[in-house]
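Multiple structures follow.
Here chain A shows up in two complexes: once beside chain B, once beside chain C.
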Partner chain A sequence: MYETIAFYLFAFLTIAMFWITVTTNNALYAMSSLAAGMIFISAFFFLLDADFLGAVQIVVYSGAVMAIYAFGMMFFDTLNEVKERNPKKVVFVLSGLIALMLVVIFVSPIISSKVQALYPMVEGVSNPKEVGIVLFTKYLVPFELAAVMLLVAMIAGIILAGKKMEKSETETEQEEEVVFEKGVEQ
Partner chain B sequence: MDAIIIETIIKAVVVLAIISALAGFGTYLERKVLAFMQRRLGPTHVGPFGLLQLAADGIKLFTKEDLIPQNANRLLFSLAPVITAATAFIALSAVPLLPEFELFGYTVKPIVADINIGVLFVIGVMGAGLYGPLLAGMSQANKWGLLGAARTTVQFLSYEVVTGLSLLAPLMIVGSLSLIDINNHQTGGLSDWILWQQPVAFVLFVIAGFAETNRTPFDLLEHEAEIVSGYVTDYSGLRWGLFFVGEYANMITIGFLASLIFLGGFNDLWFIPGWLAIILKVSFLFFFMLWTRAAWPHVRPDQLMWLCWKILMPLAIINIVITGLVMMV
Partner chain C sequence: MVTLNDYLILSAILFSIGLIGVLRRKNLLLLFFATEIMLNAVNVAFAAISKFYGDLSGQMFAFFIIAIAASEVAVGLGLLIVWYKKKGTLDLDSLATMKG
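Let's turn to the complex of A and B:
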């Protein structure tokens, strides 16, 4: 019974949070509700006894959304509302997609009764080990590919950011500003 | 089923009460220890040895006017301190505080939620706790607050990698993420402590722990000399108090984590029983944090990033590679 109550509570909270993310005009509310929704999702993993994935969900997304805050801080006055232009086409496509998704969600239980697990849980093995077993046998190639992609992204990031690493920011500040102003004039 | 629920609720209330009282007592200890190290007296006037200073501070916090600045975002402004305090206690819920003991013929496990990925959960929830300072800084219409929030982001993105990577090596040796398993791995007394096998990981974890709990070499978020009070600039009264209950609870959690993972946990040590051993270890680590505060100056944010990304992270990765090689060969 408790699990049912918890499921509906967190289902409601998650949907409400993402609803706020989509509909609000305030960047601060949007980011905060996104973070809260991501953390509430971890509750479903805990309810399904997938503790490891639940904790990973918290660790990964709290960091990822924190990076979004950094950009929000730089781009917006987060306490004021952002004036949005919502072209009709976007609204049409978005609402159409949502309707389609709802149909899929409501139909999926009918299909899922025929679905069988290809790699069923190994009995008596702890949660992280189970993830590891599947990840390093069946899904080894996608896993390594993802690792290579992340490595490429990291090297690219370092090269982009590291061009003037030897120079001190405070010493070159004046110079940079002049260059920036010239750029604006052009 | 119902018995478990009632037991959990009782444990949660007891942990909440004791740790928040200890957090309050921690402020007194901090002032006394700092005063001793700086050749001052510290609080002396209220009660014996100034012990009742705690009560006086509490009354002051409770009765102070609760201010919310005019242009602040009221909802997030009032939510932020609750996030800090709540996540600090949620993180504690997965930490085994003492060895099992019997009370009225009933075996009590002093852990609120025994989940078998304890370490990951504690680290993750403590990390989520930094949303408190972040939202606090961003919701007050105050430049110092915003600077504090920006520094929170910088600090979080720097230390989180080091914490995770430094813990990975000892976890590889134990082969489990459960704090109880980690503790049971070190039952053989002093020579079994993981500290001797993983000294580098211990040092890295403690450094990252200082950044995580916002302690002095890395207390960028509320650096008085630079940004007034950072994210707490506009806070007063109980809301301000909640931030500090959360911070001290986090210090206690880091103390427990370090002693459970590296310092033998709650196993008996020579003639010292396990429950006393872990309390002594946590107290020493708490004292160590105050000692560091008295001995070291603040660092700048760029120095923190430089330290975390260019020194500590490569060290942690080298440590993991060497540990892996030793385990494989």
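Let's turn to the complex of A and C:
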């Protein structure tokens, strides 16, 4: 009973938040509603007995990713109204049909063959423990690859964002203004 | 009682919202937001299937999707900053430099 109420409540909240993210013209509103939606998504993970996934969702998405976006937005002019294109309805219909076709193509072989649990859940073990057991036995190589990928992404982010950091854009603007004022005086 | 279908329908709705965002956004930063929504929608579907089939593989894939999303944000935002320093705009049309 409570589970059903919680599911529909969080479903409504998540859809509303993400809808605001997609439709608003203000980048700051979009970012805050996206962060709220991420936290509401983690509620579904707790409802689905995936405790560890829910914690990771809050820490990584609402914490790290949104913090990166917030820092990144300091580089951009976020106070301006965002312009949008309004594509024709044909675009929506065609892309929707293509998406539906892809779903049918990928799902039909799965439905025709019976799906069985590859790594059945162990009884009487808490979810984080279970996740640890599977992650460090069956999925050890992908886990290490993900670690290397995150390292590569970190180095790439530092190098890309750190380019020409010694040149401050505001300082050069001020210098130009000073030069311009001197020219006016002369 | 909430069934697997409810979760899958919710996931499909969230994915559609993300797709609408990708289609109608012109600002590259907000385009990134829309892709995050799509990744999250898929994560919900994975966790739901993991629960209702009694299998942990779904949760594992959700973890790897979160890792991929985090690194995608780091690299993508770095590229956006470089592009903004170069062009002074995040408009998607400013990328169309190969138009004949």
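The working rule: the second predicted complex is superposed on the first by the 113 of 186 C-alpha atoms of A that agree within 3 Å, B and C clash if a C-alpha of one lies under 4 Å from a C-alpha of the other, contacts with A are read in each partner's own complex, and residues count from 1 in each chain.
Following the convention adopted for this analysis, contacts are C-beta pairs under 8 Å (C-beta built on N, C-alpha and C of every residue); 3 or more make two chains touch, one makes a residue touch a chain.
If you're wondering where the values come from, they're calculated on a predicted model, not measured in any experiment.
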{"item": "Touched partner set for A:93, first chain B, second chain C, both or neither", "value": "neither"}
{"item": "Chain B versus chain C as contact partner of A:55, first or second or both or neither", "value": "first"}
{"item": "Which of chain B and chain C A:35 touches, first, second, both or neither", "value": "first"}
{"item": "Touching partner for A:101 - first (chain B), second (chain C), both, neither", "value": "neither"}
{"item": "Which of chain B and chain C A:70 touches, first, second, both or neither", "value": "first"}
{"item": "Chain touching more of chain A, residue-wise (chain B, chain C)", "value": "C"}
{"item": "Partner chain(s) touched by A:125 [first = chain B, second = chain C, both, neither]", "value": "neither"}
{"item": "Overlap of chain C and chain B interfaces on chain A (superposed complexes)", "value": "52, 56, 69, 73"}
{"item": "Interface residues, chain B side, partner chain A - complex", "value": "5, 71-73, 76, 115-117, 120-121, 123-125, 127-128, 130-131, 134-135, 138-139, 141, 146, 149-150, 153, 156-157, 160, 164, 176-178"}
{"item": "Contact footprint of chain C on chain A as seen in their complex", "value": "3-4, 7, 11, 14-15, 18-19, 21-22, 27, 30-31, 34, 37-38, 41, 44-45, 47-50, 52-53, 56-57, 60-61, 64-65, 68-69, 72-73, 75-76, 82-87, 91-92, 95-96, 99, 115, 117-121, 130-131, 134-135, 138-139, 142, 146, 149-150, 152-154, 156-161, 163-164, 169"}
{"item": "Complex interface listing, chain A residues touching chain B", "value": "2, 26, 28-29, 32, 35, 39, 51-52, 54-56, 58-59, 62-63, 66-67, 69-70, 73, 78-79, 126-128"}
{"item": "Residues of chain C defined as touching chain A within the complex", "value": "1-2, 6-7, 10, 13-14, 16-21, 23-27, 29-30, 32-34, 36-37, 40, 43-44, 47-48, 50-51, 53-57, 59-60, 62-64, 66-75, 77-82, 84-85, 90-91"}
